[in-house]
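In this document, chain identifiers A, B, C, D, E and F correspond to the written order of the chains, with residue numbering beginning at 1 in each.
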Amino acid sequence: MATLGLIEYEAASAGVRAVYDDIMATRGTDWINNFWKALAHDPATLQRTWASIKEIMRPGALDALTKEMIYLAVSASNQCPYCIASHTAAARKAGMTDAMFAELMAVVGMANETNRLVSGYQVEVDERFKCK
Amino acid sequence: MATLGLIEYEAASAGVRAVYDDIMATRGTDWINNFWKALAHDPATLQRTWASIKEIMRPGALDALTKEMIYLAVSASNQCPYCIASHTAAARKAGMTDAMFAELMAVVGMANETNRLVSGYQVEVDERFKCK
Amino acid sequence: MATLGLIEYEAASAGVRAVYDDIMATRGTDWINNFWKALAHDPATLQRTWASIKEIMRPGALDALTKEMIYLAVSASNQCPYCIASHTAAARKAGMTDAMFAELMAVVGMANETNRLVSGYQVEVDERFKCK
Amino acid sequence: MATLGLIEYEAASAGVRAVYDDIMATRGTDWINNFWKALAHDPATLQRTWASIKEIMRPGALDALTKEMIYLAVSASNQCPYCIASHTAAARKAGMTDAMFAELMAVVGMANETNRLVSGYQVEVDERFKCK
Amino acid sequence: MATLGLIEYEAASAGVRAVYDDIMATRGTDWINNFWKALAHDPATLQRTWASIKEIMRPGALDALTKEMIYLAVSASNQCPYCIASHTAAARKAGMTDAMFAELMAVVGMANETNRLVSGYQVEVDERFKCK
Amino acid sequence: MATLGLIEYEAASAGVRAVYDDIMATRGTDWINNFWKALAHDPATLQRTWASIKEIMRPGALDALTKEMIYLAVSASNQCPYCIASHTAAARKAGMTDAMFAELMAVVGMANETNRLVSGYQVEVDERFKCK
């Protein structure tokens, strides 16, 4: 189980419940996943992390699906099992098809390969790529 | 300079030139960036890597811009300076605006933060997130 | 199970037992955790790794608790499940409270976020930060 | 230069200036480092990131120096040159001596070594380390 | 189970079966490991990945055992459980003894330690190490 | 320059000089690279790190060239510029040809790609790969 355990809704303080309620309302679900229940032991971090994610993942110049796929791409690249599982579910809910998932993973794999080839070959940045 | 140096078009073998030509034709440019010139010392890897990237980055279930942004997201997460510079340029060419870039980076930053919070708190994957 | 298996005290050579004995004496415990039992297949690495850890984790300019928390911070950042579990236990034994753990994780998460924002935005090091 | 350039105080909007002012007041300095000037192109991320760092780095269960050293430890482990330079400066300002820096780095190095030994040897988590 | 599930030989398309057949023939085995069964949902990625690995892992300037050990070294450094398990098996099949494995891990651990010491101490590259 | 600066032979204490002398004698060179000069501010870490590297890199079940290539593979995978530069030089001195370097990098790139494909697809370890 999580280091500090999980705080269920029933056992949560009013402040934690308010965050849980906002998570469920924002996501249109009736449950809270373990990540938030684990963070709830530190209400300040729970509140700040949720507020940040809510703001960042809101559709803007990028739509919700693209943002979820980027989140999943980073999590797969970092090899974080929990994050891969949860953001695969979130991306699917936002519309990611199996074909989109497969192409996403192909890009993630390729980027990880060429990142190391570039580093290993000690390739210098082209002048044209440098920011003025 | 790169470990094995860079092979310019003029000095390249016919096989390497064929790859260079295909890169320029596919990308609609008249120059080759250093990454390919460094890889050209190993024609098999040059050929294979380019063929893979060409296939993977071709619009499919995901459009070209989304793919370039995912490539940039992974490169930023891996902190690869060359790849960040080159794929920022490529994503911009594919249509990424400053606002899109900023939102992309916000997601990358957040994903890296929560990946570690999840790991540090030893959070178990929720049953609902597990693949059947 | 571990790649080469685990070597229990009873089955260990005299040299390995000497390391086990020193681990237990130094830590004030009566058991050996799996990491050492796995390394015991390579007595030279077992001996060298333990000697290094013993020297590094000894209170000096930094106290034992601070050192254990740094070890945990790096392990959480690297997302190493075994290391997170073992160094959470070690840090607690050294005095880490739940509140300290939570603040530690908040810093680890934040550092991982800003590390990528800095890289992604290609921020140059300020002159004032450079070592003379 | 940074991808989107740097926004100096004189050229900043009122909202960005307010963040800059708070950074300088909180840190007791009269200048803004490049990280914030780069983020200023995205005022929402600038504001959110600064608010998070301000809250997280405030002395609490852990003192300011310990927090800065943990930030530096993670940045060194992630090999982020900008972050290492800036947080080395910040940690020194908070009281880190050369001896403390050296011990910090020794722990960071060791943790990175054993994280991989554990993974490579496929060591299972001891029952005693598992959270109830 | 894997995100998209596993495709067994019996349920596979002719194109996927052709890859499976080539994997088994090349490796001299009569079974397919889960990685390929998971990738089979994306036949293009399955085909491209297998063709790349087959080409890369073929003995050349480096023999098969050395290549498998390098693959394992990277996987251990990246802390990828599946890859560590599968490439430990592959390296053993190619001739890796327990003593070789132990020395391999010792190098991987040490490299991860000094990579961070170098970064943390902000050591500049010696002139003699720079490529002309 | 390095965080704590570099300690040249002339300015070094007797203990540090002894390590420098052993490095030069062991490697058959007449100079010390910056890494050691930076670590010299912490004689205990200098001594311990050198002793560990000397022991680990000594030919055993694996020859010196293989060990240097593994060190380089990990450094390229970790994207550590100093380590890539120094261990490329060391591997070449030990006999690495350009063709060997190119194959080494191809394996490093591929391993980084498949490590993420495996993680992203959430592939479970095959029973046959599990250690008994």
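Following the convention adopted for this analysis, a residue touches a chain if its C-beta (ideal position, glycine included) is under 8 Å from a C-beta of that chain, and two chains touch if they have at least 3 such contacts.
Just so it is clear, the structure is predicted and the values come from calculations on it, not from any experiment.
The chains touching subunit E as well as subunit F are A, B, C, D. Farthest chain from subunit B, judged by C-alpha centroids: C.
Relative to subunit F, the most remote chain by averaged C-alpha coordinates is A.
Two chain pairs, B-C and C-E, are weighed by contacting C-beta pairs, with B-C ahead. Under half of the residue numbers found at the subunit B and subunit F interface occur in both copies, marking it as a different-residue contact. The centroid of the Cα atoms in subunit D and the matching centroid in subunit E are 34 Å apart. Each chain gets a centre from the mean of its Cα atoms; for subunit B and subunit D, those two points are 27 Å apart. Inter-chain spacing, taken between the CA centroids of subunit C and subunit D, is 20 Å.
Annotation for subunit C: residues 1-4, 44-45, 49, 52, 77-81, 85, 88, 99, 102-106, 108-110, 112-115, 117, 119-122, 131 touch two or more other chains.
In terms of which chains touch, the assembly is arranged so that all chains touch all other chains. The residues of subunit E lying in touch with subunit D in their complex are 72, 76-77, 79, 81, 84-85, 88, 104-105, 108-110, 112-117, 119-122.
Those residues of subunit A whose C-beta lies close enough to touch subunit D in the complex are 1-3, 5, 44, 48, 52, 55, 131-132.
Note for the complex: subunit F touches subunit D at residues 3-4, 41-42, 44-45, 49, 78-80, 131.
Taken in their complex, subunit B has these residues touching subunit A: 1-4, 31, 33-35, 38-39, 45, 49, 52-53, 56-57, 60-62, 66-67, 69-71, 73-75, 77-78, 80-83, 85-89, 97, 99-100, 102-104, 106-108, 110-115, 117-126, 128-131. On subunit D, the positions that touch subunit F within their shared complex are 79, 88, 98-99, 101-103, 105-106, 109, 122.
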